[in-house]
Amino acid sequence: MTVSITDEYLLKVEGLKKYFPTSSSMFGKTKNFLKAVDGVDFYVKKGETLGIVGESGCGKSTTGNTIIRLLEPTEGNIIFEGKDITKLSEREMQKIRKDIQMVFQDPFSSLNPRMRVFDIIAEPLRTHKVAKGKELENQIYELMETVGLDRSFANRFPHEFSGGQRQRIGIARALALKPKLIICDEPVSALDVSIQAQILNLLLDLQKKFNLTYIFIAHGIPAVKYISDRIAVMYMGEVVELASKEELFTHTMHPYTSGLISAVPVPDPTLRDRKNRVILEDDLPDQTNMPIGCRFYSRCPFATDRCKDEKPEFREVKENHFVACHYPLH
Amino acid sequence: MEAKLKTSTLVETNLTKGKKPGALIRWVKLLLQSKTGTVGFFVVLGVIVVAIFADIIAPHDPTKNNLEAMLQPPVWLDGGTSTYILGTDNLGRDILSRIIHGTRVSLLVGVFSVILAGIIGIVVGIISGYYGGIIDNILMRIVDSFLAIPSILFILVVLAVFDPSIFVLIIVIGFTNWVTYARVVRSEVLSIKEREFVKASRSIGTKNRTIMAKHIFPNIVSSFIVISTLSVATTIILEASLSFLGLGIQPPDVSWGGMLTDGRNYLATNWWLATFPGIAITVTVLGIIFLGDWLRDVLDPRIKGRK
Amino acid sequence: GCSSDSSSGDKEGGNSEEGTEKTTLTIAQSADITTTDPQNSLSTTGDRVFRNVFSRLFYRDSNMEIQQELVESFESIDDVTWHFTLKEGVTFHNGDPLTAEDVKFSLERVMNDQSLKEYPYFTQLAEVNVVDDLTVEIVTDGPMPTILPLLAKSGSDVLPKKYFEEVGLEEFQKKPIGSGPYKFVEWKRDDRVILEANEDYFGDKPKWKEVIVRAIPESSTRVGELLTGGVDLATDIPPNEWDRINNEEGVSLATGETTRVMLLMLRHTEGFATADPRVREAIDLAINEKAIVDSVLKGTGVPVRSRVPEGVIGSNPDLYNSYVYDVEKAKELLAEAGYADGLEISFTAPKGRYPLDGEVAQLVVSMLEEVGIKANLQLLESSAFLDVYNSKKNEDLIMIALADGLFDASYSLVHYTKERAAGQTDYFNEKVEQLYHDAGRNLNSEERIKQYQEIQAIVAEERPHVFLFSQNANYGVSDKVNFTPRLDEVINFSDVTLK
Amino acid sequence: MSGKEALLEVKNLHTYFFTESGVVPSVNGVTFSVKKGETVGIVGESGCGKSVTSLSLLQLVDESGKIVEGEILFEGEDLTKFNKKQLRKVRGNKISMVFQEPLTSLNPVFTIGSQISEAIRLHQNISKEEAKLKTIEMLQKVGIPRADKHYYSFPHMLSGGMRQRVMIAMALSCRPQLLIADEPTTALDVTIQAQILHLMRELSQEYDTSIILITHDLGVVAEMVDRVIVMYAGQIVEQNNVFEIFKNPKHPYTKGLLNSTPKIHQLKDQLESIEGNVPNPFEMPAGCKFHPRCLFATDMCRNQEPPLFQSEDGSEVRCWLYEEQEVNQV
Amino acid sequence: MKKFLLRRLLQIIPVLFIISFVVFVLVYLAGDPVALMLPEDASEADREALREALGLNEPFIYQYFHFVSDLITGNFGTSFRYNQEALPLVLERLPATFELAAASMVVAIIIAIPLGIYSARKRNSFVDLFITGGSVLGKAMPNFWLGIMLILILAVNYQFFPVSGRGTIAHLVLPAITLGTGIAAEMTRLIRSSMLEILQQDYIRTAKSKGVSDTFVVYKHAFRNSLIPVVTITALQVTHLVSGALITETVFSWPGLGQLLVQAVNGRDMAVVQAAVFVIAFLVIAINLITDIVYRLLDPRINYS
């Protein structure tokens, strides 16, 4: 499933920033910001899957939500099919929304408990007036079968389903408008391993079938690694490393990435005493008051004074391997 | 991999086994599971039936006085007659018939004022909670102001100006009690709008109005139903209190509160005047509260989910 | 709270069964006084307090005869001029002597200050002059047959000029000073007024060391206090509480007549059904006043056909304790008037303003129904009712009880004059107009009474008002004390005596 | 297996919930033992009865849940026969627990210090001051910086990892013989999980504490435990030493779990999912409870429930496939 | 915290402003007080004169402007009934009402806390059902009815307590029970449900797993948490307390704010109504502010910065 270089970018994100004001003083002079996303660059090519990993709170969801303009970006460009959508009005955006869809993390809260499955899947079709009546019905049944749900389920409510089934409903809803890009925000984190595998395989299957492009967000590296072609590692609102999956795992450059990878428990007891494990301390800086230098400085086993004072640039160290570190590991 | 994918998309059927029973049967089952819920349901049903068919059920004209039969005790006491099963009041009117007719006022005032309050409260609450910001700020300050004025005072002053007819009572109680709903609804909306299904809908490009109507509203309805049942109970008692202060429903209309108030002066000597309407209020309120409690249990998705 | 100090007195006052001589009298009224300014109050509840704190030139004894109180002697100089000589050695509670200056000050205050509630009654007084220390001259604006009743009426109380001017109204209200048998001690609003004996009183020694006048609006609570000995005397006991009192040892009921008459006002205005005299008569005939009195009021009331009850100057004995009731005739009259198929009229009545007023109104409605009149009853709470009444929004029928503060027919019969009736009943009768005008300046009291009686006879036929009954006042009395009700409903505390 | 004596022996434990909609047999005949110093892992999908098993040991299940059958022998004494007072002496003292959600498991209105010292003072007759010193010592031990300051912190002031350290400090404060950890790291980021697991391992070695580790992450199991118990639908389906289980899983369910776990240390991997869902407790299939999801199910499986076959090496498996090979039945 | 306080204090300004408007409109609608100030027999000319003197013939806006500017200078007008400044009249009543309210709260707490907790612990038992039924009954009984019954039985028949009035502690008992019962009923239900919720929390299980005894778990670990919603909702009930006091005070002739208000409304003594509404509103706001602070003390999670 490799993508040839000549394929055009479907999505390009440049210098994306999203700041949340945390406290506004009485007279609006000093404002504090939580820099949830602080200058992120990446691109996604047609038909590929870009994985985004990172610890909780590093800004993965915010990035996803900003791309689909659920949140207004503070700064930066989001170029979708060659068009910068950050400047679009809500009406113009409406057309784009058809092409970008989302699958959410929590299979319990992402479906309206008071709506029937049929109506949940129908909502995007109705909103964009794609289909009506019999045709709508057919499309919905078709979608349900595509994601592996019996059409007899159409009249049920979400609470009558298991987590895995609910996630299928969510996927069916995302597929309804035949989008070009699907942003999956931790779609398997809440599921049991066996069900996780079902969903991951389903996503892969659908990608093949409909030539979909995914942005796959997760904090579990194993799942991201399984499904992605390229992976971006985020840390405190920034992408610190971005490379193809093979490259990232064989030539890990950023100490954070390597810490992250080595922290993942390996389901093989023979490897339990493996060496060179890096255990990262959880000494995180205050997100409203970031250090000037490298944000990973406080936890990095290799940090120097330079890291403290000078912010490392996010650069392409090797072809298609980007990293933000003064002293890449490889 | 191809083969694997096939199996993974196999239609899942273990939930389709055994067709789900119809909604009605399911509700009956849920109802019968709770003793208090069943009691509450039948009390409320009974009260509604009595209210609707008051004219047919009542043995006498509730306003017809009989100076020959003043203050007759109930049938089982010395001096009671079977003509007036629950006795008569100080104008010789049949207490049973008055209670039967009083059901109407109590229910009308209780139910409609709550509906009115609910409509205003829900609209304000949803708008305030959903949009937030300056709109929320303005609306909530209004709510705060209303909350700081005891509603009974408000009602008293208004009733001092307009004759306390059923209609006026409904309007004034409705217009003072909406703030409670607005508060509750707003805080519910605040949490619901953060739920992912709202985000999902927004990400599709659904209009705010549609989101409020289709996603937010249905999810606050159940908590609204719960507080509103309780509110119906409170309103019935409120009407009684207003009667006590001389501002309840006025004769010839009959209300339980009015009966209770007029009868209070006879508590020491002719206890049945105030006691029977008192029992009617208590039983009805009890029924409504039981029903409300049951509704809270069955409408709470957490509880339902647990089963 | 700042409550603990007041309690001890109350307890002893109420239940002094500890053997010691009872020296405190406790009275429960249905409402509190609203002011301590005797000239700015019209309520009976207030009067009961002021009567014992202040004195007037004249007073009415228990038979409603006018007697001299502060006045030693008086003479009428001419039709409009009177001289009054005051008793010597009368002092106010603060020790200041009571002089002609104080009388002049008090009367001029109520004659001139429009904001005072008693003001409207004093418009006939033209001048008050001090002749000497103990002699006052009063000049009226014309012959005034009612001058003595007026000077015996509430509002004529003599205030201490010096003290009042020194401290001002505000302070005076906090610590009012009079020359009556009891001195003001404290007023806790909506709770109680506490008075103590004035040992220097110029009349008979006060009988009680202390008198507590409590306000207990809820009648069953008032009766409860009486039954438990918390109070010795409770006013305004509605008929429904009588059984409780009668069934209990140690308490009894006392009933007295009043000048208050419950009546219906009927519109004579063109366009109203009640403009037709036949309809008015039918209404009167339809109502069985006696039955109302006997049933709901348990006999405490007298059916009347006039607003001037017995005991008031100018009353017409023919119209007292009398009523007309004839359902058949009423139906005939209605048929004659063209309402054979029934008549619908509006009927406004108060609820909670007078004892059992709501019940009476409902009885009236059902009696009217008997003859084919459907009265749409609008029962209103006291203030809303007054609003309708005062703004003259009354339609066909309005029920109200009116009393006579002056004990003179002129007070009541003014209602049948053109000016007064305008907009309310729109009643007009040349004869009545003439009679009323003549009587007002007639110093021949016998002739004057005749004139008033004639007015009443005419009114009873023409029915701008349909009279129901004159109300009684009912008191609950502890067996420890003797009490006799008065027609004016005032209580002289010293008249209540220990058994 | 070492010859150490058993610290805890659970025999044929049945815990049922008596709910309004019927009886839920959440734990249905579970038998296992824990030796001194041993770490035993219990794995299985959500709802298979792991937590109920562990809560049953200290009789902490909800009121509606009852131990209807079975013995829990701790140091030879049957805990199910203990009265409340005796139980309280064991709880927190000899056996203590760490729960999944570190935020909700700490009382929000008390300082962490007071919560730990409460545990100490309940079981040791010492003064407040001493308890405080001990508490601070424990906090230091679990790696909380500036422990004397954090003594006065409220739970919400700490990060997830710190809170879990507090939970561990509390659990270990009385040096229990047995620590039951119910998914202690599920709510945490991998980096933090690595720290916590590391800490638990170190402390258990130091104190010679036995551990029952409940998780659904096979990676964690592989990293931590000596022996693995696999549960499915309220029953143990397989039990074996950790190396054997990963090398040579016997039960189809265990195999399925392993195959559906993404593996980060292999570059190319394929996930196989177990089809279907965990059965609804009210609609338990007849025969082997796993048969509707089992690729190898036979008629026998559909009709007859397999017993737990025990082999010589001490491993156990509940599957008809192993009937002939097995020596003993339990 | 400072910021929080400042913000809350600033919010009071628009609230008071809205209240002033609402109150004024009510009073304006309530219409002409003149009718009530003069005897039934007074003439139209007398009334007109008084109306003019009181400035009641001015246009709405003008009157409102006057009203607000008077308010700002602390002038609530003069009571028609008492012929006295309204604000002192209202303030004078506060101690009595405070006394009653506090005693009722004590009664309510004494009843509600043990019952609520017991009911939650023995959920669905017979006793729980009984307590639930009892609390519903407590809610269903109108205050005046209960008050009169208490007087009839405990004061008149058995003479345990005085019938009415304010004075000794004994005087306080019956009104406090009357007013407290309704609050207790509400509070019991609230404590019960809040306890039920709390008893299911993970930290309760943690406490048990430490070996804390059941009683201790309930009273130390659960109760303090369950108080948080109870305190908030009880504070919201302050206005209900006022409503209850309105009636209870009338029944027991308790010389508090409630009686003053009933009579002021009935007598259309609007200056007093205005002053009372303002004082009550102010108190409600103050109490809510205090509650928020208490809330913060009870629940360290809340951070108001």
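Chains here go by letter, A, B, C, D and E, matching the order in which they are written, and residues are numbered from 1 within each.
What we mean here is this: a contact is a pair of C-beta atoms (placed from the backbone, for glycine too) under 8 Å apart; a residue touches a chain by one contact, two chains touch by 3 or more.
Bear in mind that the values here come from a model prediction, so they are computed numbers and not experimental data.
Colleague: Most remote chain relative to chain D, going by C-alpha centroids?
Modeller: Farthest by centroid: C.
Colleague: Once you count every C-beta pair in contact for both, which comes out on top, D-E or A-B?
Modeller: Higher C-beta contact count between the two pairs: A-B.
Colleague: Roughly how far is chain A from chain C, going centre to centre by Cα mean, in whole Å?
Modeller: Roughly 87 Å separates the two chain centres.
Colleague: Return the distance between the CA-based centres of chain A and chain D, expressed in whole Å.
Modeller: Averaging C-alpha atoms per chain gives centres 32 Å apart.
Colleague: Just how far, in Å, is the C-alpha centre of chain C from the one of chain B?
Modeller: The separation of the two C-alpha centroids amounts to 47 Å.
Colleague: By residue number and range, which residues of chain D touch two or more other chains?
Modeller: In chain D, the residues touching two or more other chains are 271-273, 275, 277.
Colleague: Residue numbers in chain E touching 2 or more other chains?
Modeller: In chain E, 31, 148, 152, 156, 250, 266, 268 touch at least two other chains.
Colleague: Could you say which residues in chain C touch two or more other chains, in rising order?
Modeller: 220, 381-383
Colleague: For chain B, which residues count as touching chain C in their complex?
Modeller: Residues of chain B touching chain C: 63-65, 67, 70, 90-91, 159-161, 163-164, 246-247, 250-252, 262, 264-269.
Colleague: Quick one: which bits of chain D touch chain A in the complex? Just the residue numbers, please.
Modeller: Chain D residues touching chain A: 45-46, 159-162, 189-195, 197-198, 216-224, 242-243, 246-247, 256-265, 267, 269, 271-275, 277-278.
Colleague: Inside the complex, what are the residues of chain C that reach chain E?
Modeller: 1-4, 6-7, 10-11, 34-35, 37, 40, 42, 114-115, 117, 120, 170, 173, 188-192, 214-218, 220-221, 224-225, 227-228, 230, 381-383, 386-387, 389-391, 400, 402, 411, 414, 420, 423
Colleague: Mind listing the chain E positions that touch chain B in their complex?
Modeller: For chain E paired with chain B, touching residues are 11, 14-16, 18-19, 22-23, 26-27, 29-31, 129, 132-133, 136-137, 139-145, 148-149, 152, 156, 236, 239-240, 242-243, 246-247, 250, 261-262, 265-266, 268, 273, 276-277, 280-282, 284-285.
Colleague: Going by the contact rule at the top, pick out the chain A residues touching chain D in the complex.
Modeller: Chain A reaches chain D through residues 55-56, 162-165, 192-198, 200-201, 219-223, 225-226, 246, 249-250, 259-272, 277, 279-282, 284.
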